[in-house]
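Pasting in a structure now, in structure tokens, and then I'll have a few things to ask.
Here the chain labels run A, B and C in written order, and each chain numbers its own residues starting at 1.
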């Protein structure tokens, strides 16, 4: 399908390179060490930000979901930050932390964190009250309940949150590259743009797209794996 | 105190999980009316903490909130700010309505006609799984540093979401109802008009709500990348000039707009909610 | 007059076939009220849908007034177990829906719908929405909808199955009254309640399950017009008790069969 689409836009125009041109540029790109260096530079903050967002998101999400008080205390902030386009926080990060590794990781973190948090929190809160009550009626202590009921019950939502959070982390990574241009993929982007080298630009964007899709595919696979019991249950 | 509303982040969610966030936020809202005291307390604590931290000079990036507010009042009435807001608003105003209309139409087509579904599905799925931001440099290349780029970006952000939600809405039509329609020999047209479209309404409105969030996000990100126009551009410039207080003021404004617009769309969604569907 | 001749239905999915109905043959006379009763899984709903023309038989024919049933038609109307009303439309629109499907003009169909709603006891509720009504009232709308198109045959699929016991009783009595006094149509009524069948029908088709087939066709011996008091008579109770025992036996046999099959490792369907 996609190939078809590309095949059709065969206007050999500076803005719409043909698929062939893009492919050629892609091949070139993959062979230049610059390209791999750029990705290496970009992926480090991505991984840092992504992992910490997932961990923090789940932990804070659990905390908020389980404790009424915490939820009420944090509600206005969560709501506000949720309605805010995260990219707007990037200049703040830059002012506070510069453009080094920490800043970059933070950007990725910010993009992914809220999503994971919200999903986790929702997952915890929407565990069937019946099951909770049943466990309590049998005298199950809170820690046990947490392990046997809360975690499995919230799992689908948490896994979904992690998957979507990963998508957001990739978005964060790209935003980071485009707004904090100095190293990594972002640098290549400006270079190609400045030169009006559209086949290379398209090729680069293509790699970003592939990366994003791959990351999602991996997470989806994990999600399915982790939720196998659900299938039988439902 | 603005009420807490549906997560904008539903934009990146698949329709299945979008429900989680919505229920969570609606619950937040009902919690709010019952226990506003605790939330107010939370807010107060935050404000106090901010003020204290700001005064203590922890970081140049953290001015006391009092400074933010005072500067903010200046900023919010300043010409530069108003102009930027106008620019962004115009871009969204131009891009959003057509995107919604076309999106609903495409979604309906996809839901009702097999060939349409077959053709459109890959594109829609793709545009939702991709990091859309990555496309912005290309759009930039094609349309240049202009308002048009921003408009195109917003369209690309909003369209797939509206399509997919409308499509889901159509597909989710109760099979019982369809069977009943078949039993009375209702024409395809009547079935679509009386059953499919009303069924799809809920999800379509959800798509609209998500679309609003995405329009704002997409527009502002594009502006930030371009760097010279609209609120996004303003934010970037303020950041570059290390004008932290102004920056926070603008951010608070943007966040508030987000919260309010989500609340508004949510209100509309609830008005058209059909119990028992 | 509805004639079922050796009707069979086999469902296949993914290479596995399920024989839902085998060789079903019986008649429903014009103007008669016939119930179909049987344990779960005996295919009674499938049979009804076939009469409605929504599902084709795998073999055998269903003829109404001598003409083969090939699809849904204006001569038949269905009433569903779960009411299946349009939740976003008011009661009047819902009742008029069958007519709207037939292309009847708005004013006319609203007039007819109004009349039917009055007949089922819902006068004054035209502007209400389904979610504002109780289950019983919703089903009345469903019945009004079916009657509004003036079908020759009424097909009812466990119409009171979703209602609580008391409402069910009220509905049964009201339906009896309605049927005997005004809407005296050929009716096929699927149910799992013997009491219901005995009260309302002239004939009861008892079906056995796995595969669905006709076990017996019994004539209900009580004279018409009947009243609700019938349920208190000794003959009624004897009659229904006897039939209930038979049904129960069939169900137990079926359960036993399933257990033995599972024990022997034979998969079923």
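In this text, contacts are C-beta pairs under 8 Å (C-beta built on N, C-alpha and C of every residue); 3 or more make two chains touch, one makes a residue touch a chain.
Please read these numbers as outputs of a predicted model, since none were measured by experiment.
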Centre-most chain, if every chain is reduced to its averaged C-alpha atoms: B
Two chains sharing the most contacts, counting C-beta pairs only: A-B
Gap in Å, rounded to a whole number, between the CA centres of chain C and chain B: 49
Intercentroid distance (Cα basis), chain C paired with chain A, Å: 54
Whole-Å gap between the CA centroids of chain A and chain B: 18
Numbers and ranges of chain A residues touching at least 2 other chains: none
Contact set on chain B toward chain C in their complex: 174, 176-177, 179-187, 190, 194-195, 198, 201, 274-277
Residues of chain A touching chain B in the complex: 1-2, 5, 15-16, 69, 71-92, 94-97, 114-115, 118-119, 121-123, 125-126, 157, 160-161, 164, 167-168, 170-171, 173-175, 178-179, 189, 193, 196, 198, 201-202, 205, 208-209, 212-213, 216
Residues on chain C engaged by chain B in the complex (per definition of touch): 52, 54, 71-74, 77-78, 80, 82, 84, 86-89, 97-98, 100-102, 130-131, 149
Parts of chain B lying in touch with chain A, wherever the complex brings them together: 1-5, 7-9, 12-14, 16-17, 20-21, 23-25, 27-28, 31-32, 35, 38-39, 41-43, 45-46, 59-62, 119, 122-123, 126, 129-138, 140-142, 213, 216-217, 220-221, 224-225, 232, 235-236, 238-240, 242, 244, 247-248, 250-251, 254-256, 258-259, 261-262
